[in-house]
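Take a look at the structures below.
Each of the next two complexes has chain A plus one more chain, namely chain B in the first and chain C in the second.
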Partner chain A sequence: MNRYFKLVNFEFNRFLKIYLVLIGITIISQIIGVIVKSNQYLNMANDQIQGGSMSSSEFINQYGPISLYEIIQTLWFLGPIALCIVSLIIYVFFIWYRDWLGKNTFVYRLFMLPTARINIYFAKATTVFLMVLGLIALQLLLLPVEAWILQWIVPFDFRIDMSIREITGIFHYFAILFPNTIVQFIIHYGIGFMAVFVVFTAILFERSYRWKGILFGIIYGVLALLLFFAPVLLQATILYEFFYPIELLVLQMITGLTVIAGSIWMSNYLLNKKIRIW
Partner chain B sequence: MIEVKELTKKFGRKTVLNGVSFTAEKGQITCLIGINGVGKTTIMNAIMALTPINGGEILINGEKIHKHSYEKITFIPDAITMLPQMKISETMQFMADFYDCWNQKRADEILQFFKLREDNRLSELSKGNTAKVNLMLGLAMDVDFLLMDEPFSGIDIFSREQIADVFSSHLVEDRGVLITTHEINDIEHLIDKAVLLNNGIVSKEFNTEEIRENEGKSVVDMMREVYQG
Partner chain C sequence: MKRYWKLISIVLIIVLVIGTFYIQSSMAASNYPEFVIETVSGNQEEVEQLSLLANYRNGMIYDNVTITENGAEYVSEGSFLEQLEGSYANAEIKRLQEDYRHFMRGKTGSPRLFFEDQSKVAYADLSMETLNNRYKPSDFSFDISVLDKDSDKNTSFELPLPERESYNFVSMEGVYIVGGEMKLITHNSKGRAGSVEIHVYSINIDTEEIVGDEVILKSEEINDNSFLEIRKENANGNLDSNRNVLFEYETFEEVKINEWESYLEPTEKDFIVYNLETNEREVLNLPEEIRDSANAVFVSDEKIYFAQEADGKPEILIYDFDTERIEAKQSFSIQSPVSELVFNIKNDKLYITSSYMNMRTKATILILDLKTGETLYEGFIKMENPRTEQMDYELYIRGTEIE
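Take a look at the complex of A and B:
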């Protein structure tokens, strides 16, 4: 267990610089976005009102007050989120392949550590999870700061203040990233983490059997997907509207846990019996 | 003792090792000799469970390799096994963090012997010095067996001499060493046992001193017999 935590620490530190850059880009871009969009709005208001073409109330009636709703639809806000998501998807692959690449083959050292090899798998998975949850936490912390900056720049009459819950509930994709209930959180992030386990296992298939392994990995991924969605597929085809929603949820959780358990078992087998360092 | 019994390894349809058997004992330097592609590195990897095997059995002190075996046996491949951005001090810290058998005193002694500085980054080191760090990472572990794959590969003559000196020092004595090398001249006088591989099998396995005394032949003479007919 001790070595598992050391491995997590080591893996986390290996990606820390890039992670900090992602955090930096997110903070700077989103805050600049709030400032730029707020100032654009105020400049427009000043032009219209001071130009004498309309009063404050007429302007608000015509253009509406500004809120974070307008800002979170901009590239300033969504760009860094997309960048973080893409980076973490690449990282799920990179976290394994970098150990095989280059003349300094760190994979030798990893596989010769006096610890169960599955701990390497768990450590890499934990690092990915920590990074994902860290970025989500950052975003949740940033939203009130951004709301405060908006309040600071734009006078009360010209803005609508929104709560974090209102902001995160606006868009469907936001509701995925920021679930409103603990059950939704478990479902959304459970599926995400299950996907990471499945991809890790597919990578280990490739690292064990190389070209053939790509095929095995794809087959494994498809089978995992079919198993996970089996209750929904059954409900939609053979057993039409057979399950109550709560039954479907429980079945989905069972198939999800089965996929996770299967991925861990298969990965443990591959790591101990089939993996090749070159 | 390392026991390799009837080891078979295939790459696709090609059988690289076809029932290879030999032993390497504690307190002895055993040298695996063979031309390129004969499967020397594959044997090393198989012993360390770094590649799957198609047949046979490998035992370390009578047991199949498991996670705790890595505190008893270590492998020094021909490329360094640490990250290039790491400092030498960081590589040592990593080893100390993960291995109970890490001996920092011995590591410091080896660094002094090789005249290496702890604050150097691996990416800044010459090939010779990288090989020395690699060797240090293996030698500073209190293990029963050391596996070394081509420790002299591609390094200058002075570094080779320094590394060869290590084999006759107290840093190696009492341990079992299994080594593969092309540069047999550098360590021929130090080898206790030679295992000659050819066409996927062990062509000859002999005690170098016995062959020298009884037949008046060197390891190189034996290699000529096997590889040049």
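Take a look at the complex of A and C:
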């Protein structure tokens, strides 16, 4: 257990610099976005009202008040989120391949540690997961700050104040990242975690059999996908509408856990018996 | 421990922030307004059985809501499991799913596909082939299932629709079992656009064959600028087990205003009753008091309930099949047109609800005793403790359910 924590800490610190850069970009870009968009809106309002073409209430009627909802849908806001997502997806691969790269293959030393090799796998998965959840927490912390900046710039009559819950509920992409209930949160991120395990296993296939391994990895991924979605596929085809929603949920949980267990077992086997260091 | 401080702090931040977010949102005051039913007069017990199914809308916010005497329940505020079960599914279907869980597997769709009486539950739907690289569906057939309640025996079979090549489209309008025989009412469209036939197929459940195919209504003498609409009147989404099926047969003529604009002028409207026991069809010879604009809101074994406007006031007329007369007439004090009211009838009680509400218009609820004509209950929907940002709401009441 102690070894596992050491490994997590090690992996975490190895990526920390890039991670802090991602956090920095997100904070700066989103806050600049709020300031820029609020000011644009206010300038437009000033032009129209001071230009004498309409009163402030006419302006609000025609252009509508501003809220975080409008600001969220700009590149200032979604850009850094997309950047973080892409970076973390690359990191899922990078976290393994970096150990094989470089002058002296670091993975050799890693595998020689007096601990079960599967701990390395768990440590890497945990690190990815912490990084993902860390960014989610960051966004949840940023939203109230951004709401506050908006309130500070735009006068009351020209804005709609929304609670964090309203913002996350109303915007579809956010509803995936911040589901309504804790149960859904566990389901969404459980599926994400499962996907990370499957990709890790596919990477280990490649690391074990190289070119042939890519094919094995892809086959493994497809099989995992088919197994996980088997209840839904059955429901849509031969057993049309056979399962009630709650039964479907339980079946999906079972297949999901099976895929996770299968991936861990497979990875353990590959790490202990098949992995190639050179 | 010291070397782990970065890791420990990120774990703490994650747990605290995400934890707070979900704890707060589960305890936070609802974003949606509370609606209650406020009694004006009458016995409050009468309204206890009533649930109003409504859509709530306020700017970008939109949700399904059920309003009862106890308050408003929004779909998106239900637990995940409640949302999963589809809390706005039809109440009759939900009850059937609870009572006959195995039989109801794989059976979806509207209540008109189901039938229930003391001894049987039945289901029939049309299956068709749509993946034939052709423009119209083909190979129509009946998918039939019957559950015998006593023996718990489940029979399922499929029957090809007679003369199925000649139809463009077929839809199921009603499923009945009368005297041990299954009757399926379908709406078949044929050949050129607008040509419609209403069929009654009789099916022997024991031998699993079609023993009768009768056309009870059809449109042939329709010219190019006329339209026909045949509607089967339903008992408000309840499973109807009537012996009488009521059809509304309405033709429209296209009247051109100018080159671009035209409107449809109703030319003829008939109510036709088909008796499932005697297989007789009758065009109702309605008394003059029932106007052309009248809606049939409910049909029972002996009576039809019509709603219409008279002198700017809505009224209900109860028409008796046997005596061919208006048995009772009742006007009531809601200041809105019939088209903006929702009707439901159960146990000789008539439930009338306004179908729309916002900050300025009031939604009234009335419960009348159809036997005595007495008003049993009067009330209205009230928004409780409205907040300013909730003021611009709209509430559409799309139906009612009575326990």
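Rule of thumb we're sticking to: the second predicted complex is superposed on the first by the 278 of 278 C-alpha atoms of A that agree within 3 Å, B and C clash if a C-alpha of one lies under 4 Å from a C-alpha of the other, contacts with A are read in each partner's own complex, and residues count from 1 in each chain.
Here, a residue touches a chain if its C-beta (ideal position, glycine included) is under 8 Å from a C-beta of that chain, and two chains touch if they have at least 3 such contacts.
What you are looking at is a predicted structure, and each value in this text was computed from that prediction instead of being measured.
Q: Chain A superposed: clash or fit between chain B and chain C?
A: Verdict on chain A: chain B and chain C fit.
Q: Have a look at where A:L20 lands relative to chain B and chain C in the superposition and call it first, second, both or neither.
A: Touch partners of A:L20: none, neither chain B nor chain C.
Q: Give one of first, second, both or neither to describe whether A:R3 is in contact with chain B, with chain C, with both, or with none.
A: In the superposition, A:R3 contacts chain B only.
Q: Could you let me know whether more residues of chain A are touched by chain B or by chain C?
A: Larger number of chain A residues touched: C.
Q: Which partner does A:I277 contact after superposing on A: first (chain B), second (chain C), both, neither?
A: So A:I277 only meets chain B here.
Q: Regarding the shared-chain residue A:F111, is it in contact with chain B (first), chain C (second), both, or neither?
A: Only chain B; A:F111 stays clear of chain C.
Q: Determine, under the contact definition given at the top, whether A:L226 touches first (chain B), second (chain C), both, or neither.
A: After superposing on A, A:L226 lies clear of both chain B and chain C.
Q: If you stack the two complexes on chain A, which partner ends up touching A:Y240: first (chain B), second (chain C), both, or neither?
A: second
Q: For A:L75 in the superposed arrangement: first (chain B), second (chain C), both or neither?
A: neither
Q: Least CA distance chain B-chain C after superposition, rounded to whole Å?
A: So the smallest C-alpha to C-alpha spacing between these two chains is 11 Å.
Q: Taking the complex as given, what residues does chain B use to touch chain A?
A: Touch list, chain B to chain A: 45, 48-52, 67-71, 74-75, 77, 79-84, 94, 97-100, 122.
Q: Tell me, which parts of chain A touch chain B in their complex?
A: Per the touch definition, chain A meets chain B at residues 3, 6, 10, 14, 102-106, 108-109, 111-117, 208, 272-278.
Q: Any idea which chain C residues touch chain A in the complex?
A: Those in contact with chain A are residues 3-4, 6-7, 10-11, 13-14, 17-18, 21-22, 24-26, 28, 31, 60-61, 76, 79-81, 84-86, 97, 101, 105-108, 389.
Q: Along chain A, where are the residues that touch chain C in the complex?
A: So the residues of chain A touching chain C come out as 5, 8-9, 12-13, 16, 69, 130, 133-134, 136-137, 140-141, 160, 163-166, 169-170, 178, 180-185, 239-246, 249.
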